[in-house]
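Worksheet: the structure to be examined is printed underneath.
A, B, C and D are the chain letters, set down in written order, and residue numbers restart from 1 in every chain.
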Amino acid sequence: MDMLSLIIKFGIYGTMALALIAAIAVVTLRNLFHSALCLAAVLIATAMIYAAFHADFLAAAQILLYVGAVMTLIIFAIMLTEQLGSKTIRQTNRQNLAALAGLLVFVVILGRVIFKTPWPVTEKALASKVTVMELGKAFMGPYVFPFEVISIILIAALLGAVVIAKKDR
Amino acid sequence: MTNFPSKRKSSGIKQWDHVYTSSVQNAPSHHWLKIFGAGALKGMVVTLKNFVTSYFRKPDQGGIFTVQYPEERYPEIENYRNLPFLVYDGSPDKVRCVACGICERECPPKCIYITMETDVAGKPVRKPAVFDIDYAVCMNCGICEEVCPFDSIFMDHVFEIASPRRIDTGMIRHQEDLLKSSEYLQKIRPKTATMIDEKKRAAEEKKKAVVKPPQGPTV
Amino acid sequence: MIIPLAHILIFSLLLFATGLYGVLVRRNIIGILISIELMLNAANINLIAFSKSTSLSPETGQIFAIFVLAIAATTAAVGLAIVLALYRVRKTVYTDEVHLLKW
Amino acid sequence: MNMPPLLRDIEFAVDLSFVNAKGWILDLLSHIVPDWVVVFASIVISGVAILVLGPVIMMYLTLLERKLIGRIQNRYGPNRVGIWGLLQPIADGIKMFTKEDIVPVYADKVIHCLAPIVIVIPALMVFLVVPFGERMTAVNLNIGLLYFIAVSSITTIPIFMGSWGSRNKYSLLGGMRTAAQMISYEVPMTLSVVPVIMMSQSLSTNKIVLSQSGSYDMNWFIFTPWGIVGFIIFFLCAVAECNRPPFDLPEAESEIIAGFHTEYSGMKFALFYMAEYMNAFTLCGIAATLFLGGWQGPFLPSWIWFLGKTFVLICVMIWFRGTFPRFRVDQLMGFAWKFLLPLTLINILVAGLCHFISEKTGWIYSFIIFSISFWVLVRLNRPWMPEKRHYPLAN
């Protein structure tokens, strides 16, 4: 089964590379619809990485929530706001070079930090596998208060979105 | 469970008011069927009944009434008229047509082309030399049949004239293709043929009665 | 864990940086929202990776990731509603063209 | 079940014939090649089975649909190509292959061409968790049901791609309608599944089927008060999810030509069509799994039970198509948000109630609750609900 784990390993690295390429496409493509589709690719790749880390529920929730709902919302908004023939409009502001330089510094510093830090990786955590039932019990047990708060936030956001987007009479 | 009195009872045109009220009063008594969704179920029962009966019933009792065309056909209706043809009496050289050209003139899409025959001396003979009909252009109006004073052109029952070509033996029909016997006319349109024959016989008798016969056949 | 923790962290760092670049550089508000989604995803990957490899209780990371997911959904909903309202009033979705505090 | 041992052996052998066949092949392979190849071979065999099954199902569903609709409308369906028209799907396929592939000039060409390919992927991926029979689930995921709902929700994106990529106003309108409809109906569909998850205490499709065994394998969830309501809601949402009549607004011919696939022809159109029919099949299969006991059933082999139940549900879908006219947009949305959604929430409540009280009282209580809630919902929804019309001159 050594070969199998090697294949899975390469699969994960390949997924990561795909996600990064798609992410770069998301921020650089001129056509917003294309970049939204690339975002969908990033999200699906991320879900696959979650699945590789045995976070099955999260992977499915990611696809259901992000790809199914949020992406649809975003594409809907793009369709409602984008003029079809807007090829000449500048899509980036003038700070792109400065932003690139700053981000390079940011990435280099954080990368060094990541490689220098001795992460407390434990065998117990590596072997752990969270089932959906445990997750549900955690939600209904220690995390019940944030869970309820989240539900209130969701309802507030739902109503707020409806009120904001509604046409004035 | 619940019964929904129609809101339309009070609305609508004034003169129908009594009708609306009476229809509500005369509504069937099984009110329990009036729950939401009962109408949908009723519709589904109708289609299910249609589905089942399509296997057992005869066409006139709600079964399938499709006629499977190349194998089965509807019986031909006498008054059906499609494309024109020429009639001859007895043999193909005794054409009724005298090449008068009325149909050529009257044809709305101008699909008929006629030239008159000439004899050896160059004198015109009352017979078509060329009689072409372009079936691709013909619009099946039947005006040629109506205007023909010699009862020589009639609308046919043939409709399977599909062809891969337009000219030659495709859609342009020449005289030899168009000629059909008067027996054929009798077969496809017995009423018309009989009427014409009687008319002809009457004309013959009139001709006998008159001492000096007129030059052409009369109408 | 099949691959080392640091690699995943670097991956999520790069993803986050890409998203941040998009937020800084894009003019279109919807583009900015899309980039924010990228950043949230990077954060989520970190949460999952940590919960899978460090000694905290294993479900914590996932639960927080789910919270982030829910918050991301609300962000998208409210943000896009604001964008639509803005578009209806100002007929633009470009940030530098919206420079009035009140309209 | 008490059966003579020989009969049971035979049933067992027939039941697991496909599983055993796969097992033999893998067994044979394991002598020749290393282990990881065997794992891949297992994946490949299941995958090939699904890849073959999907298109075949789609082809013959089209024939079935045309036949049944024909009979409902007092016609014969297709009956020219082969006996009973059985070769009609193949003729259609040849026609689709040989048709000209049209790409509009101003289309976003990459997206336009990618959309039909992408739409087939989720349609095939959901086959992975459909339990076709005992031990005949391709991948026994422990989140199978969630996986199904998640993957089938991806379908909106290729539809958007097709509608946007075509640069056609009717396509765009169809895409917008699809998005609105699919998002709306996903909510009551997911919620109508919740009682099933509560009762079987699992998200795995296999475990859900197994929890419906007992008493001649007929202990199906549809025979419970929450099960029947949940089934009806789930089925209606399934019809709406795969854009079939009476919820076919995304491709309403009389309004927006063909919706999001207006500009597609030939094989690309066939792929859209294929995805639609495979979705219809999997949704019916999942409905059978969740509420009708999946492959559970007395006497017959498990996969026959599963396919039979799915077939019946598909026939009901076709029957709907032959019966109902199309919804209006406001009716469609109102039906999902104002009628089905509250009803599903009440259904979850009833399921919890039924879990804690005896069966008989459960039926009585749930009947009362459902009657009241139904009455209230119908009353509240008056403005958009179709009213019974009176035709004064009809009599």
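Definition applied: contacts are C-beta pairs under 8 Å (C-beta built on N, C-alpha and C of every residue); 3 or more make two chains touch, one makes a residue touch a chain.
Not measured: the values here are computed from a predicted model.
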Path length in steps (a step moves to a chain that is touched) from chain B to chain C: 3
Chain nearest the overall Cα centroid: D
CA centroid of chain B to CA centroid of chain D, Å: 49
Between chain C and chain D, centroid-to-centroid distance (C-alpha), Å: 33
Chain A and chain B: spacing of chain centres that average the CA atoms, whole Å: 70
Mean-CA-position distance for chain D and chain A (Å): 29
Shared interface positions of chain A, touching two or more other chains: 57, 61, 69, 76
Touch-based graph of the chains, sorted into line, ring, star, complete or other: line
Full enumeration of touching chain pairs: A-C, A-D, B-D
Footprint of chain B on chain D - complex, ascending: 68, 71-76, 319-320, 322-324, 371, 374-375, 378, 385-390, 392-393, 395
Chain A residues touching chain D - in the complex, by the definition given at the top: 1-4, 7, 31, 33-34, 37, 40, 44, 56-57, 60-61, 63-64, 67-69, 71-72, 75-76, 79, 84, 131-133
Complex interface listing, chain D residues touching chain A: 34-36, 39, 108, 111, 141-143, 146-147, 149-151, 153-154, 156-157, 160-161, 164, 167, 172, 175-176, 179, 182-183, 186, 201, 203
Chain C partner contacts - residues on chain A that touch it in the complex: 5, 8-9, 12-13, 16, 19-20, 23-24, 26-27, 32, 35-36, 39, 42-43, 46, 49-50, 52-55, 57-58, 61-62, 65-66, 69-70, 73-74, 76-78, 80-82, 89-93, 95-96, 99-100, 103, 106-107, 110-111, 114-115, 119-122, 124-126, 128-130, 134-135, 138-139, 143, 146, 150, 153-154, 157-158, 160-162, 164-165, 167
Residues of chain B touching chain D in the complex: 1-2, 4, 6-9, 16, 19-20, 23-24, 26, 34-36, 39-40, 43-44, 46-48, 50-51, 54-55, 62-66, 68
